[in-house]
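Every chain is named by a letter (A, B, C and D) in the order it is written, and numbering of its residues begins at 1.
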Amino acid sequence: MQRPQASFLLSAPDQPGLVARFAGFFFDLGVNIVDSSNHASKVESDAKRFYMRIVIDLEGLAKPRALAVLGESTSRRTLEQAFGKLATELGATWSVGYSDVQEKIALLVTKESSCLYDLVLRQKQGELPCEIALVVSNHPTLEPVAEGFRLPFYTLPVNAETKRAQETQLLALLKKHHVTLVVLARYMQVLSDTFLAEAPPVINIHHGFLPAFQGAKPYHQAFERGVKLIGATAHYATKDLDEGPILEQDVARVHHGMGPEELVRVGRDVERVVLARAVRAHLERRVIVEGRRTIVL
Amino acid sequence: MQRPQASFLLSAPDQPGLVARFAGFFFDLGVNIVDSSNHASKVESDAKRFYMRIVIDLEGLAKPRALAVLGESTSRRTLEQAFGKLATELGATWSVGYSDVQEKIALLVTKESSCLYDLVLRQKQGELPCEIALVVSNHPTLEPVAEGFRLPFYTLPVNAETKRAQETQLLALLKKHHVTLVVLARYMQVLSDTFLAEAPPVINIHHGFLPAFQGAKPYHQAFERGVKLIGATAHYATKDLDEGPILEQDVARVHHGMGPEELVRVGRDVERVVLARAVRAHLERRVIVEGRRTIVL
Amino acid sequence: MQRPQASFLLSAPDQPGLVARFAGFFFDLGVNIVDSSNHASKVESDAKRFYMRIVIDLEGLAKPRALAVLGESTSRRTLEQAFGKLATELGATWSVGYSDVQEKIALLVTKESSCLYDLVLRQKQGELPCEIALVVSNHPTLEPVAEGFRLPFYTLPVNAETKRAQETQLLALLKKHHVTLVVLARYMQVLSDTFLAEAPPVINIHHGFLPAFQGAKPYHQAFERGVKLIGATAHYATKDLDEGPILEQDVARVHHGMGPEELVRVGRDVERVVLARAVRAHLERRVIVEGRRTIVL
Amino acid sequence: MQRPQASFLLSAPDQPGLVARFAGFFFDLGVNIVDSSNHASKVESDAKRFYMRIVIDLEGLAKPRALAVLGESTSRRTLEQAFGKLATELGATWSVGYSDVQEKIALLVTKESSCLYDLVLRQKQGELPCEIALVVSNHPTLEPVAEGFRLPFYTLPVNAETKRAQETQLLALLKKHHVTLVVLARYMQVLSDTFLAEAPPVINIHHGFLPAFQGAKPYHQAFERGVKLIGATAHYATKDLDEGPILEQDVARVHHGMGPEELVRVGRDVERVVLARAVRAHLERRVIVEGRRTIVL
């Protein structure tokens, strides 16, 4: 059994001494850094940024040295307050997660089972450190799959008129289940700006090598254009459709002998792997969004 | 020493018996088929097409059976006439090339030497069955490179006013050198529709995974968007910039730690390989253009 | 609904006119060739071989022309007899399959569910043209998975002493279910030569880039050696372990930051895709075994 | 013009506070860390190791704060002494390089020009931060290529009897030219243990996906075995042939239609890219050797 760990993820204006300051904070506490990585944006500009991910072994918190530094207690809350003070001083935005507090995620699907099965099976195999709190669909088709894995399944049908109401219901469900990440596992609906503004982060899988084939039927577009590679892109959903920060991409080689349906089949394999990698990176707290880009530490 | 071969490349409305008819033509002549491949378009439509590539050993032409079938002579011209008759009957368009008659190609460059060196060295190593008849540039920068390999080099400077005249000069040079393929090896100029209409086929390398990042500075666009893969696309130049039929594509993985210059460096490796594969496929007479797509047999 | 098709797969000593002869056979019958490809071995030797795959639309058999040629009947049996006559004349070995007669396959597993789920889900999605007749394991662990998909599941425990008897039982099961292909979907047992000699073809997935890391724990070997790519290989099982003809391979990039367990995780994704592609190629009757190699047409 | 930088590369027994201690060292000096990365070995064992790469901007050394800390001077030597003291305290082995002091490398070749051209052109384009001090071959074939780029070229013929003497000459040449890295760019000779013990680090490119096809003619072995991917491996040369720590690997897809010569051609493209990436990683001081593995930071 792995001992509890905390992962800090931060972004700050670049300045000398940042690695030493943040690493020193934990060293002074007598807390062991298990893993750390950092990156400074390389493009010359007025606003160079620094990014860092630090994973610590929480065991050190229990020792006298930590108590001596933190004062009255060594609770996670006290730790966060002390770290927050340093972060404020250095102008950093930050967040923290704990390995023994699993994120609860919601899977949104429509009728296609491929990505749903894939994510559920990976979660069961321990590849995705999270709890799948619920599955939501606008169609009842995949209910038996969810039930087979004993996952709560909600059908929320939607059309142009009911969209607003359906999204309100969906938001309520996410809140009720304490969901902190939504994964669109081939959910064939566009989410409104209002929804995205209120929802937790949303990861989408686009069945195309963005920004190439935006919009519908990308495989048919790819076929028409005779591309030699088929790709998939996992990105955060933003109000500009298919324009959100890219988390992960991959491709597979295709040839003229493959019709659109075969491109779909090859693409499905790429989609699954790309989506799983993206969700995993998010859950491992490796991803910082910077404008239209991501930094994956 | 390989014996002379002929490569036939054809496209016809799909209909029963095409493989048998075309293969039978050579069988009746007593001519050996060294390599053949064919493809029928899989998309249901009124106009299903059939594509075939047949490579024959010309030695068979010298035997009595060929003479008996072809009549008065077994020259390449007589062979072409006989094949042409069958093709007409079946509604096929076709072309033929001979392994002992090398295509003459022109390389168009500007200042960057990377693709120029690459193509010249591959030609010297026997990877590209052609003769590099001349190198043309709008700048004198790469003249020493061409001279080092004893290749004729022409500097044809160009600006908005002189464009028409320069292209006329260029066309004259291509004609004079009997050029049958033009390769834009990082030639940083857009060719006019008029030029393209009169010139032999033109292959361009686009430093981006088309149709994703069209236009200028694709690597900077890629960096801004945070893509995880960098690509390159070789395509025939058409009047719609970056919209010509795609010959070959490939990608390489990149990450957030790479600035735009490093994307350029990684991309350069992909470009070279993609361009070389595309030129080779064209020279081996494997490519049929069908609308906006290519069939690479 | 697709019309019934037949796929002929053949191998013959190379000689002039083979494409014409085989294609001509079907042309004369008035039967349409839907897809065909062929390959002649390129290595100079006394025994150059020719390989061909021909897919025909069986509808043509129903027309008068086919009857006129075949004589008394146009049954599949008559067709096979006529084709067999031609094949014998040309020294070819051959086989045929029909799109409306699905192969029955057996999945052999142990405790790991990943490949089992993957193959079952692909079969359900129509990616694998076959019927999964049964699942056999030496452990009862995966019985619920098989049951969830209503697949017959047999537990045949095995140890050194019972191996012979267990394999006899297994052979009886395969025979009873008319199995024509066995897929080792992470079956952690070595099959005896005796079994392999009597069983239908067996496809195995090796979690290593063969012939690199043979034997057990290839990911740990890969980690120790610091490889930068992780691979998987699907091959036909032969009496020489891990030496059978290779059907398909692929790799994924890894780095020093990944421990052996992460290599296992990355490898699992590669294994699944590689195994599925191999099984599909076999079921589509694209694979000819030639000594230690395969020709995948 | 980039300001001078220093790159420190170190390896130490893992222990709490290492990131803070090393980063703190430079922070206290008022020296800016431009880039840093670190890694702790993940395999549980008695001897967990920590690896770190720190790149600093040397400008900070010129400021009063550095002088105050370092004492009498802020020369590179004083900096190294101070860093060395800390490293000794923490049990670390380390090395340092300076961006304004280029490594001198020697290229060893035989007759094949492909890797030679590739490395020379990359060096000219600024991709490889080094000076190519000399080219050595056991054949005079490539002398004109070296001369074309004005590089010193030495022919040192070798056979079984002269091997010892030839290697002694080679070592003398390397010493005379102050060579710190030897690159075997398709040098078709095995170097003796004695040579390797006295020479600077040697990087070799193996035209095979190690540890798969060791020894000679790997592409022919690959063809015989019908592999579906062709690979290349760059590794440090050690006395166990083809067993040295792997720096970089890559593959390209091939198919049954390709004969051994085509595998060679495809492989050549992979080799060039893999060797260049490996040499670049070494020159950028990213590589730590740990037993039979490398850590590439």
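Note that in this section contacts are C-beta pairs under 8 Å (C-beta built on N, C-alpha and C of every residue); 3 or more make two chains touch, one makes a residue touch a chain.
Note that the structure is predicted; figures quoted are calculated from it, not measured.
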{"item": "Most widely separated chain from subunit C, with each centre as the mean of CA atoms", "value": "D"}
{"item": "C-alpha-based rotation, subunit A on subunit B, 0 to 180 degrees, nearest 5", "value": "180"}
{"item": "Geometric centre distance via CA averages, subunit D-subunit C, whole Å", "value": "43"}
{"item": "Approximate Å spacing (C-alpha centroids) for the pair subunit A, subunit D", "value": "36"}
{"item": "In subunit B, residues with contacts to at least two other chains", "value": "none"}
{"item": "Subunit D-facing residues of subunit C, complex", "value": "39, 42-43, 209-213, 223-229, 231, 245-246, 248-251, 255-260, 292-296"}
{"item": "Touching residues on subunit A, where the partner in the complex is subunit D", "value": "16-21, 23-24, 26-28, 30-38, 40, 60, 253"}
{"item": "Of subunit B, residues touching subunit D in the complex", "value": "113-114, 117, 121, 125, 127, 148, 265, 269, 273, 276"}
